[in-house]
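Across the two complexes that follow, chain A remains constant while its partner is chain B and subsequently chain C.
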Partner chain A sequence: MNGFAKYLVQRLFQFFLVIFLGVSLAFLITNLSPVDPVEQSVALMTNFGATDPRAVELMREALAELYGLQGTVLDQYLSFWGRVIRGDFGPSLSAFPTPVMSLIMSALPWTIGLLTLALAISWSLGNLLGALAGYYRSNLLLRLSGAAVMALHPVPAYIIGLVLLLLLGFIWPVLPISGGAQMNLQPGFTIDYIYSLILHGTLPALTLVLVGIGSWFISMRSLVSNIVTDDHVVYAELGGVSSGKIFSQYVARNALLPQLTGLALSLGNVFGGAVITEFLFNYPGVGRLLIQGIYRGDYSLVLGVTTMSIIAVAVAVFIIDLLYPLIDPRVRLS
Partner chain B sequence: MFKVLIDLLRYNREFAIGFVLTAGIFLFALAHFWAPLPDTAIYLLPPDMPPSTEYWFGTTSRGQDVLWQMSSAIWNTMLFGLTVTIISRILAVAVGMVSGYLGGRWDQAMMTINDTMIALPNIPILLLVYFVMRDSMSWPILALTAALLGWNYDARLIRSVTLSLRNREFTRHAVFAGMSVPQILVRQHLPYVMPVIFFTAMNNLIWAIGLEVTLSVLGFSDINRPTIGGMIYWANQHQAIIAGIWWWIAFPIGAIVLLFLGLFLLAISVNEYIDPRSRLSRMGA
Partner chain C sequence: MQLKKLAAAAMAIAALVVPVAAQEFIAGIPRNEALIIQGPAAQNAEWFNLWAPGGGASNNGLQQLTADTFWFINPEGTGDAAWTNALASDRPVYNDDFTQMTVTLKEGIFWSDGVEFTADDVVYTVQTQIEHPGMGWSAPFTVNVDSVEAPDRNTVVFNLKAPNSRFHTLFTVRWNAAWIMPKHVFETVDDPLTYNANPPVSLSAYVLHSYDTAGNWVIWKLRDDWQRTSIGMELDAEPQVKYVVYRNAGNPDARVIEQLNHNLDVINDIAPEGMFTIARDAADTTATWFPGFPFAHPDPTLPSVLFNHQREPFENKDVRWALAMLIDIRAVAMGSYRGAANLAALSTPPTGTAVTDYYVPMQDWLTSFELNTGTRTIKPYDPTVSEQIAALVKPQWGDQIPADPDQLKAMFGHGWWKTDATAAAELLQKAGFTKNGNQWLKPDGTPFTIKLMVEGDAIPTLARAGTIIAQQWSMEGIQTTVDVAGPTNGQRLGGGDFDVAIYWTVETWGGHPDLSFFLESYHSSFIKPAGEIQPPRNLTRWQDERLDAIIEANRTVSFDAPEVAQLGMDYLKLAVEEMPFIPLMAYNKFAPFDTTYWTGYPSAADPYSASGPFWSNLRYMVVQLEANPNAPAAQ
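What follows is the complex of A and B.
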């Protein structure tokens, strides 16, 4: 078996393990909890007034069937897997009778778009700045910009988003602070709609970029400042290789490898930040869906979104893993 | 230990600023033990008072003194963060050191599980736990859940240090001298791993506090127990920004930013202190 095939099998195994463990965990959490989701939903629905006890009993049975809570724990576990594989989490209670899956599917493109854009910007900008700061250590401008992104990095996404919202949406109102696009516009490839998309996406994306950029900067700077003293770099310098070439081909390229691994490892965390940001800016992605589901006590929606986001993050990690051999020839050749 | 601290304070500007900030915020939080009113009491003071000599940071729409609320809130938030950090350090050190020392198949198996857990998104899982627990959710349960989700990355880091120690001369000596595996790990390897533990602990503390702020801002914790995120939650509930009660939001945000800045400066200066290369470059070599 050559190196690439071996690598692929290994990654594929990891991918399935993540999904297996994640889905099992979601099942376990919902099953071990002391709160019965059926009783919770019944209480929610009978809140508004007295209901016929027979109707309540029927509702109980229907809900238990809907949530897959009939039979032994093993039965429930297997039926949960069946539902995950079929992509059928039943109808949402708060948006009855829309299936949970179609709610998720209409929200997912928003999250994927926002996250991909924000990640691409923060990863490339953070790595570029970090690499430059590690290579040209005495440059004052780089040091100042480094200090700025590093100071922002530990602050949680919600706080950065809230401050941006107050500054750019309230004190100096230049950007829309809520929604994914203007309400009265027809979605489609029109200039107006795309302009409105960009305008609405700016604040959420900016929040995620500001949150993410610092950690890339820090790790890239320390990677580069270690590689700079390596023998092959010193040799290239003595050999008269131009400093631009040393920077891009000898230093930055080597340092990018662990950063790509880091990208795969951090996706789960980045997704969490997106959940919060979407909710803050009322952005129509899965994060807002999840938090609204929690506020409305919508059991099937919350379970569906959690399971699907575990799977979606695993898929994204797997895609990055597939890209890795492209920039690291050792995986292809060994 | 003391000497190191004094040296760091004298020669490392980042450490000095971080230390002063963190210590100041800690003292401020400590003051809540002498608060004039219980921190869960509401509507005891005139609501919506702007900052004045009587109420330095103003009062909330719920009739609470923002200054004393913040003092309790920072204390509770820090307590949460420390609980998460301590529990998750125990897990990270145990898994990381054992995995690194044993090596081979054990290492592979443990790291595969570890990598799997890293790839799971934390926030949706925590939200699911909150959702199913609802009113029975308390901060120790939340802390335990966060700790169970927050050790994997650092276990990897600790493992890589132990892995390099395994092939060192003194490890072989210890094995030949008849020391057991736990003895080697604790008495021979732990001193080398200690700096990494300390550094990851700082980062984990920052992460845990950020998590607490995020969850309680959304109201997904015990909302009657004052925390920094909880203050912002209540301010949002009362639409403080629209009502012009800026002090209810601005002061908690300021406190959070200062706390994070302090902890972060401590973390990076400790990291620099541990890494000899950057220490040399600081000295001008």
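What follows is the complex of A and C.
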């Protein structure tokens, strides 16, 4: 077995192990939840209405049977793995009998669109600014932008979102503060609809960019600050290589490797949604779906979203692991 | 130079986004024809089957605007005016022993697809749900109905398995009820439980226009044949609201902003601070239940301090009364609702007809009620609490606080219990408690500590009330910690996994004195052992032979019998004596209306309909609203 094949087998083993452990843990945690989906449904059906206690008993029994919640935890665990392999998470218990997969698939495009765009912007901008700030340390403009990014970094998404909501939704009401698109507008590849999507996505995307840019900036600046003192950089400077070339070829490129891993992990996390931002702006993505599932005790839905997220992160890391030897010769050699 | 470029770029972005303000808010629908109501975020937006599990609780306009059943009770109403015959032409008719109920239906009512509504739809509704366990009303039909017949197209006869003088309440809407199914639609589908009913046929005045597949909004349109519905045939003129939009307007802060931006006409609930902001910034374009402070609309729901009677020492009424005497209700009202609370000393919400049926006639009894503390007898009731709260809020709200005691009672309640630490100490001593320093010890010598459960952020006013009460008890030597249950709250209440909690265990019709709405489930035969789930209501698991006698007596009299109110009073007196839970206040909701486009909303002065977006009685408000002639022109 040559080196790369051995490397591939190791990574594949890790990949499946991470998925197995992650999904099993998610199953265990959701099953330990004290929120019972049958009781949630009973509450929905009896809330505010006259309720005969005998009828409630009967209702409870009927729902437990309908939802297929009989059997031991081990039975349910094995049955769950069977469904995961088939790509079927069963019916949602809070939106019975709609399949969990349908709910996820209808929310996923919103989240992927929002988070991928926000991540691309924050990753590119954060890394670029971070690398420049780390390399051109005396530049005033870069120092100011660094200070601004650092100031925003510790502020929680909820606060930034709320400020944007007040600023651009109320004081200067130029952007919609709720939903994914204009009401009653036919979805499709029309200018009106795309324009509406952009308008409705601006505030949540801006929130995510402002929240996310700081960590990329800080880590990149720190990486670059270390690399600029490396021998090969000093040697290049003494050799008269242009600073632009040193920055792009000797410094930024090397510093980018760990950031790519971070990017892959973040891309995988896209499938888990941006819970707080989606909630704040009422954005119809996976994060909002997850919150609804948790509150309603719908562990089919919670497990579905979590499993998707675990698999997505594992796949992203696996792909990066495979690409790493191509980017970094040291990995290939080892 | 760079700065100029940045400024130019900012201007360009601004030019791109500014037009949104000028865009029509709803594509293709004139804003001044649409009433916009706060709705939920739907998980399965394409699902319109009201009769599937959970479907009956749809808050997106489906049950509020398209479903119909025999009768409605206006939760805000009083007397005969609170009752509405909807699909039924008259009130229910029972035989002598309440084993048979006959309903006569109105003629000339049609489903939105042109098929006539008949008694066959009703029979089909009952039989289909009995045959399909898990459907919304399958269980109560199975428990009660022996057979159902339609002797002619306008008559339905229900033969019951056992006497039930309240069987008709299954078809009586307060919030919702058993809605009638369209037989001609459902009989063509294989499984009524998995059928999504999309698009739904409507039996009421509005029909589905469009919906968001992402679950953020649903738009309902006035039917062309709106006169051929139970609500339409009673109207003199065509409803002015052509479209009703249920939209998920996001978190409470966003709802306030949306209403201030005139993008949300009806709010279900916001925090007191949000209400005060709207009242301050948009007084000219806002209507509220009370025209000024306290603004809030009281739901027929009774937030209370709930004791778990299956845990010591809360099974002891002296302990419960002692804890009641340690509460300073003024601080609770100020801290939870910033004074805008409608206090309740009786164990029924002080709303709708309960005020005239119970609160007013029982004032003398309450004032003279005597409590034996073990060493003396006291009169714990304080009828002046509303005036004391008025004095506390007057500095902030000035002339909005009237001097008339009757008006103050309507705003802040009729009275509550005096704070009396001495009496509380005597009651605890009577129960065998002792005091060591500032710590009360139980009869077994262990410290008396309490975990007070609250739901948390979902109902911030009640969480605040719980925190204040915990502080008050702690200060008097009973260490109380607040236990935030979050989404497990309902489950823990039902399972009896709490010492003391702030929640409600009493809800009423609001517009009718009959208390069977909640009281029926208080019968001791329904009480579960600790650890098992208690049926809804009676979360405290209060058990008393005298209570059983009242419930059994109530079963034998008809819904409208004069004895109903007397039996209600018997229950209320027993509840005062036993204090099974400490009633605090009505569940006040801050639900402001934007009058920019619509006027004529219900109010305390004209409570012609429910006003909460999720209440099915809301339909009676929707058809009565009038377009504001000064509304901005349609775009």
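By our rule, the second predicted complex is superposed on the first by the 244 of 334 C-alpha atoms of A that agree within 3 Å, B and C clash if a C-alpha of one lies under 4 Å from a C-alpha of the other, contacts with A are read in each partner's own complex, and residues count from 1 in each chain.
In this section, contacts are C-beta pairs under 8 Å (C-beta built on N, C-alpha and C of every residue); 3 or more make two chains touch, one makes a residue touch a chain.
Keep in mind that what you see is a predicted model, and the values were worked out from it rather than measured.
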*asked:* Quick check on the superposed pair: does A:Gln40 touch chain B, chain C, both, or neither? Answer first, second, both or neither.
replied: both
*Does the superposition put A:Leu12 against chain B (first), chain C (second), both, or neither?*
neither
*Which partner does A:Ser225 contact after superposing on A: first (chain B), second (chain C), both, neither?*
first
*For A:Phe170, decide between first (touching chain B), second (touching chain C), both and neither.*
both
*Chain touching more of chain A, residue-wise (chain B, chain C)*: C
*A:Leu162 contacts which: chain B (first), chain C (second), both, neither?*
both
*Which of the two partners, first being chain B and second being chain C, lies in contact with A:Ile294: first, second, both, or neither?*
both
*Check the residue A:Ile276 against both partner chains and state whether it touches chain B (first), chain C (second), both, or neither.*
first
*For A:Val234, is the partner it touches chain B (first), chain C (second), both, or none of the two (neither)?*
neither
*Pick out the shared contact residues on chain A: the ones touching chain B in one complex and chain C in the other.*
34-35, 40, 162, 166, 170, 279, 294
*Where on chain B does chain A make contact in their complex?*
112-113, 115-125, 127-134, 136, 153, 206, 210-211, 213-214, 217-218, 220, 229, 232, 241, 249, 253, 256-257, 260-261, 263-264, 268, 275, 277-278, 281
*Which bits of chain C are touching chain A when the two form their complex?*
2, 14, 17-18, 20-21, 23, 25-29, 41, 43-47, 52-54, 56-57, 133-134, 136, 138-140, 142-144, 166, 169-170, 172, 174-177, 193-194, 210, 212-217, 219, 245, 247-251, 253-254, 257-258, 260-261, 487-488, 490-492, 494, 507, 516-517, 520-521, 526, 533, 535-537
*Residues of chain A defined as touching chain B within the complex*: 14, 17-18, 21-22, 25-26, 29-30, 33-35, 37, 40, 137, 150-151, 153-159, 162-163, 166, 170, 218, 222, 225-226, 229, 264-265, 267-269, 271-273, 275-276, 279, 290-291, 293-294, 299, 302-303, 305-306, 309-310, 313-314, 317
*Along chain A, where are the residues that touch chain C in the complex?*
34-36, 39-63, 65-66, 92, 94-98, 102-103, 106-107, 110, 141, 162, 165-166, 169-170, 173-187, 192, 199, 202, 279-282, 284, 288-289, 292, 294-297, 301
